[in-house]
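These are the structures in question, set out in turn.
In the two complexes that follow, chain A is the common piece, with chain B as its partner first and chain C second.
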Partner chain A sequence: MTRSSRRLTRLLAAATVTSALAACGGGGDGGGGGGGGENEASDIGVTADTIRIGSHYPLTGVAAPGYSEIPTGAQCYFEFVNDAGGVYDRQIEFIYRDDAYNPTQTVQVVNELVLQDEIFAMMGGLGTPTHRAVLDFLNGEGVPDLFVASGSLLWDNPEEYPYTFGWQPDYEIEGKFIGNYIAENFPDARVGLFLQDDDFGEDGRAGLEGYIEDQIVAVETYVPGNTDVGPQIAALQAAGADLVVSFSVPSYTALGQLAALRLGYQPQWFYSNVGSDPTLVGSLLANFSEGAVSDASLLDGAITTEYIPTVDQTDNPWVQLWQRVWDECSTAEGELTNFRIYGMNQAYTTVQALQAAGQNPTRDGLVAAVEQAGGDFQGSWYAPFRYSADRHAGISGMQVSRITGNTSEELTPVLITDNGEDVDIEESDNEPTTPPEDGIPDVEPVE
Partner chain B sequence: MSQPQEKTAASAGEMTSESPVEATTAANAPSGPASARRSLLPGNTLLRHLVILAVCAVGAVALLELTSPFRNSQFAVLAYYAIAAGGLTVLTGLNGQISLGHGALMAVGAYTTALLLGAEEPLPLAVVFLAAVGITLLLGAVVGVAAARLHGPYLAGATLALAVGLPGLALYYDDVLGGEQGLRVQSPRAPEWFQGFIGFVSGNNATTTKWLAYVGVICLLLTFFLLANLARSRVGRTWRAVRDEEVAAELAGIDLGAWRVLAFVVSAACAGLAGAVLGVVIRLAAPSGFTIVLSIALLTAIVIGGLGSLLGALLGSALLVFLPPFVTNLGADLGLNNTEAAQLAPFIYGVVLIIVMIAAPAGFVGTIRLRWLQARGKRAARTAQG
Partner chain C sequence: MLQFVNVTLNGLVQGMIFAAFALALVLIWRSTRIVNFAQGSMAAATTFIALAIIQAGQSYWVALVVALLSGFLIGAVIERVVIRPVEGGPELNAVIVTLGLFVAIQALIAIVFGSSFQSFTTPFGLRGFTFGDTTILLTPNSLYVIGAVLVTMLALIALFRFTRVGLAMRASAFGQEVARLLGVRVGRMLTLGWGLAAVVGSLSGLLIAGGGLVYPAYMDVIIVSGFVAAVLGGLDSPIGAVVGGLLLGLVLSYVAGYLSPALVNMSALAILVVVLLVRPGGLFSSSTARRA
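And then the complex of A and B:
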């Protein structure tokens, strides 16, 4: 490898790029976005007619049930947008890779996405421990890290991680909503906590304690990977807890239910949004109990939180849109699920961000666009995002609901709040939104 | 052969009855001068290894500078797998002990690195790595003392307990060790001289990714150099003697236990270094990175490559690193969706493992060596006849 041969390579590369650009210019651009002018290869991962987005999900391994459906939903929504012409006449290429929910593998696949596939931005990388492992790398490389699929508070830290944005309501405000509801509706309940032993459980507990610290009689944690939660559930029972708040993932919701069933323990259950999908928990229950428990009937009457319309709300116009996207999708297999709807929502938000970044987006421009316009993004979510130059926090509101069969009934209106004990919970005055006619958002580019 | 001798062989279990002959062929490389063939390499073992080391170092620089940044990051991953597999292949191939606990030993190295680099004023990287090796070495000595008394499946069971139990400590002491989410590793940036060096060699960007790949490869070459010398020395010969025939070894005055402990300690030190490299490359030390799957992956790597051979450990590790993404991309190109393509990778890896076990039970390197020995034997027989 001599200097001259390298120079030759560079020269050739430059010549290729120039001729490619010239060819594009010569061909003329039919559509042309709002700004007029030509589409350019304005940054890594962007060409005149494509834009490349990447993500990591657990497609194999223990976390795969449910979560592996999220990218199929996102993929279908991107296809829906591409079929309608894409964003600024660019087709969205969505590449997602399997990390098996193992941070070591997350690092490798994100390396591959950024260095090999040369993505423009990340979207919806899933999991707290997994995504945490690539935070420094993505921010060091200057790759926009949009809409991490986890409610950890880590993603809202623009000073340290200027490229990373949260998306869903964080676990702390979810804890506040749950604590507030319990304080108002179950003031005499003896509350037990069943928490995952990481940020998920800790942030949730921090939110809860501002409202019901004196009602908590027992706190039990579980470690993902250890499938025996009998001792924890027994300890909650022994402490006399008659209401159990559970910040657990779906498989541990099911394991906790089975343990309680064995012990004859019947508290009022209160599940965080993450662990409450009745369909998935039902199938896990059937699986774990080897058929002894056949559906989600154990979850009947449990209370949970919601922030986007779910698949059972078939008269909701957003759910109708997602159903339409799913039915028209060429890669769709199986039924529309809440996880697929989640993926579609994230894809919808990403399309809004790309629109806001303008005709020829740069990575820094995309981040600036989400900071400026993101607070006004309209979608199926019940409450707005908290994006600004100082904040990268996701959806600000939820509603409390009760699970009945495979559907749920709402118990409160949409409530909004923010992090910190001194921010009160208020009723949201936002009107429910309806999707645009063509199902594709239309966000003006920011200046 | 007398009656009691056969009984001992049988009671030691089927696992050992035949295995040293074929499965560890790769470990029994002839010493340079002993094989009377002409060679360009010097006859002195140390000198020969130094020449090979220099050639490999030049080759590694060329390889890292000619490949893309992503390939560089894959070589960094390959480096820590190969360091750990190299240590394990010495333990299993040369000394006949099995370990399912090497993933846990790597965790010790990674956590040590994370804690030391997380300090206010971190020590130089080399010192941190040496500390990681030292601490893992101490743990290896403790485990080795227990391991020296155990055989085959019992040893596998004991080390399996280590693999399952040790990551639990990170959860128990979560205020120091970060619990389930682990500790972030403050990977050092590329120093000035490195940027100068890369600028001189190729003019590429001296990124952190590249620096970490060099760190990994340097550690790999040094480890393999030391292990190769050890394997060709009196120590290596003694290990082989312990592996092949305990009674004979003991009659020759070899203290079986002490030599087994030594093998475990050397192997643990390699695992510690591998863990340290993993820490800086992955930038995270978390229990979910050191599950039993890692230990078993290392074992499959050395079995596929050829027990006892460092080259085999390298090849097996390369398969671990390069095969899954290759299969996934191939699957995607063939029209599978990403989920199906991702599920294809472990399947193909399993198929490769089964094929190797059926077609080449001595692993890549062992099988080639067997063929070569057979061919030479035939040639020699023909010459003798003619």
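And then the complex of A and C:
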């Protein structure tokens, strides 16, 4: 069977989406100022008028719901920048391939990206188990591996993996925020954990335990691919957990909700950011009739965390920018979603990194630019990145919020912290930022 | 205690689902002596047809009937067009062809219906029965699954044991030349066998999908377990398939509930290896000596 499913995945790989953004619109000053001189083919993947970025996403399979929308958002933002002239007059070509959330396939498609498509850098490769499989390869080849779309701690290890950078708040600090909130607001809760059986769940648990170790009464895990989670949810119920913290991807949020529904089990749910999109989970459960489930109501009242403005915040200037990007995009299909906004944010950060790397970037120069300037990148994120020569960790803060219908209300101000039990959680004093007028960042090249 | 009850009930329902799939494998094995690896993909295809009908506003039962009919058609057409040319050659040829079909049909589903996750409705409720203030992991939908599988099993037993068609199907599968000499229209019987097996497969696909999430590869997990269940039961016996499915469902549910979910797939394969070592013919095999 393994052999046949491997053949299947190959076949699906043939249907891989490859997208190179058309070069349209002429000149204009999209670059970060500076530079004189001519554009040169300064490194692999860079020509005088193009620069090639690659990535891998689950476009099919168990992790595809939601996550397969991320590259469509990123692609539209790159198109938006290209239409305004690109970065240093270079058009960004964004090529992404389907790995079906299967590490074996990630290895294959990333090989193709690096060796055959000859990308300049990676951007936003998605998934902990998947991206971990290509970490050594990318660093061995010296390919900048920017902004991995996963909150694993693995990406923040500049000594071993000098080319890799995290982006979103890592699962450990997310666990700390969640644990802290529970300790303060639910001090008597009997806490059950429902964790993905890899670093995603483990890192989250590590962060939680610093605050609520003595409140945890049960720890259950699920393996992506096995869709029967009934026994695990039954075990949480049997342990008497009245608050369940779930580090799960969206499809398993839905499966866990279904199992709980069968059991008549109604704890207070607390979802990590990645698995909590109410619109997506609602649409996953949309076909159940007979009044068993009514759309997003299952997640109503669940608590979660946020670190970038979401699609329901229509008066936020960043969300207005993302809406504009989406409306103007030639490849856009369907509605703007939180996953697409995530992709746009990552693309926005990538454009900042390319600007910081200067007119004729090299791979090593790009890494140095993010280390030097990345801590000051401004965007829609609630708290700054932790990039420096010694750290490659992403966003440092989040806020806790409660899901109500398809929107959410904030329960705490933005909190910031860092890894380790000895770093306290503090309120952020960052002012909310607004996007630049033309929607394109303007970062000075580093020296 | 409640946890034990719930994990057991979960195992029973999962086991019935494995059994449904194993029944389809048994049927095709009994009527054509081929192990059909494409069964899962074929079932997924008809499930997506049913889903399209439900989404167009029709009732579950209309969708069920259409899915079963289209399952019969798909099965019969595949036998006539794809399997017939390799029949009579080495058995392995046909098996490899079904492997190819497995991949091709799944890809086709993704092209036609898209590869996103979608929930699949059920005709019955998804909330567990309650006794006092405890809810057990047994829903009206579970009872529907269990009932449907038991009825299918009985129907298959009756078909093979008490009808002339069943006898003729077994004869054609067992020895084509002899059957032909006795006046059995072997070609038709093989087509019928594939068609019926696909009907049972379609039913299993719908039962598995009900109250859960479907995507083109959603049957993959079931395929492994369904094969193990069928082999446990001896590949030849409808009762064996159901008992094998139940055993497997219970063991896997206990493993997930009390040991570790990470061990589930490994346990299924370990059981398969042990059965093949200890009783290669399966627990219910009566015909190890009868190889034509």
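By definition in this document, the second predicted complex is superposed on the first by the 407 of 447 C-alpha atoms of A that agree within 3 Å, B and C clash if a C-alpha of one lies under 4 Å from a C-alpha of the other, contacts with A are read in each partner's own complex, and residues count from 1 in each chain.
Keep this in mind: a residue touches a chain if its C-beta (ideal position, glycine included) is under 8 Å from a C-beta of that chain, and two chains touch if they have at least 3 such contacts.
Owing to the predicted nature of the structure, the values given are computational and were not obtained by experimental measurement.
By the touch criterion defined above, A:P65 lies against chain C but remains apart from chain B after alignment on the C-alpha atoms of chain A. Look at A:A238: by the touch rule set out above, it reaches chain C but stays clear of chain B. In the superposed model, more residues of chain A are touched by C than by the other of chain B and chain C. Once the two complexes are overlaid on the shared chain, A:D197 sits against chain B and chain C alike. In the superposition on chain A, A:N111 contacts chain B only, with no contact to chain C. Residue contacts after overlaying the shared chain place A:L261 against chain C, while chain B stays out of touching range. Looking at the shared chain after the overlay, A:T227 reaches chain C, while chain B stays out of its contact range. Comparing which residues of chain A touch chain B with which touch chain C, the overlap comprises 1, 59-60, 68, 197, 223, 225. Residues 1, 3, 6, 59-60, 68, 71-72, 75, 95-98, 101-104, 107-108, 111-112, 115-116, 128-129, 132-133, 136-137, 140, 197-199, 223-225, 331 of chain A are the ones touching chain B in the complex. By the touch rule above, chain B contacts chain A in their complex via residues 62, 65-66, 68-70, 73-74, 77, 171, 174, 179-182, 184, 187, 202-203, 208-209, 278, 281-284, 286-289, 291, 325, 328, 337-339, 342-343, 345-346. Across the complex, chain C meets chain A through its residues 2-3, 6-7, 10-11, 14, 37, 51, 54-55, 99, 102-104, 106-107, 110-111, 115-128, 130, 135-137, 139, 211-213, 215-218, 220-221, 223-224, 227, 252-254, 256-257, 260-262, 264-265. Within the complex formed with chain C, the residues of chain A that make contact are 1, 4-5, 7-8, 11-12, 15, 59-62, 64-65, 68, 197, 220-223, 225-232, 234-235, 237-238, 251, 254-255, 258, 261-265, 284-290, 292-293.
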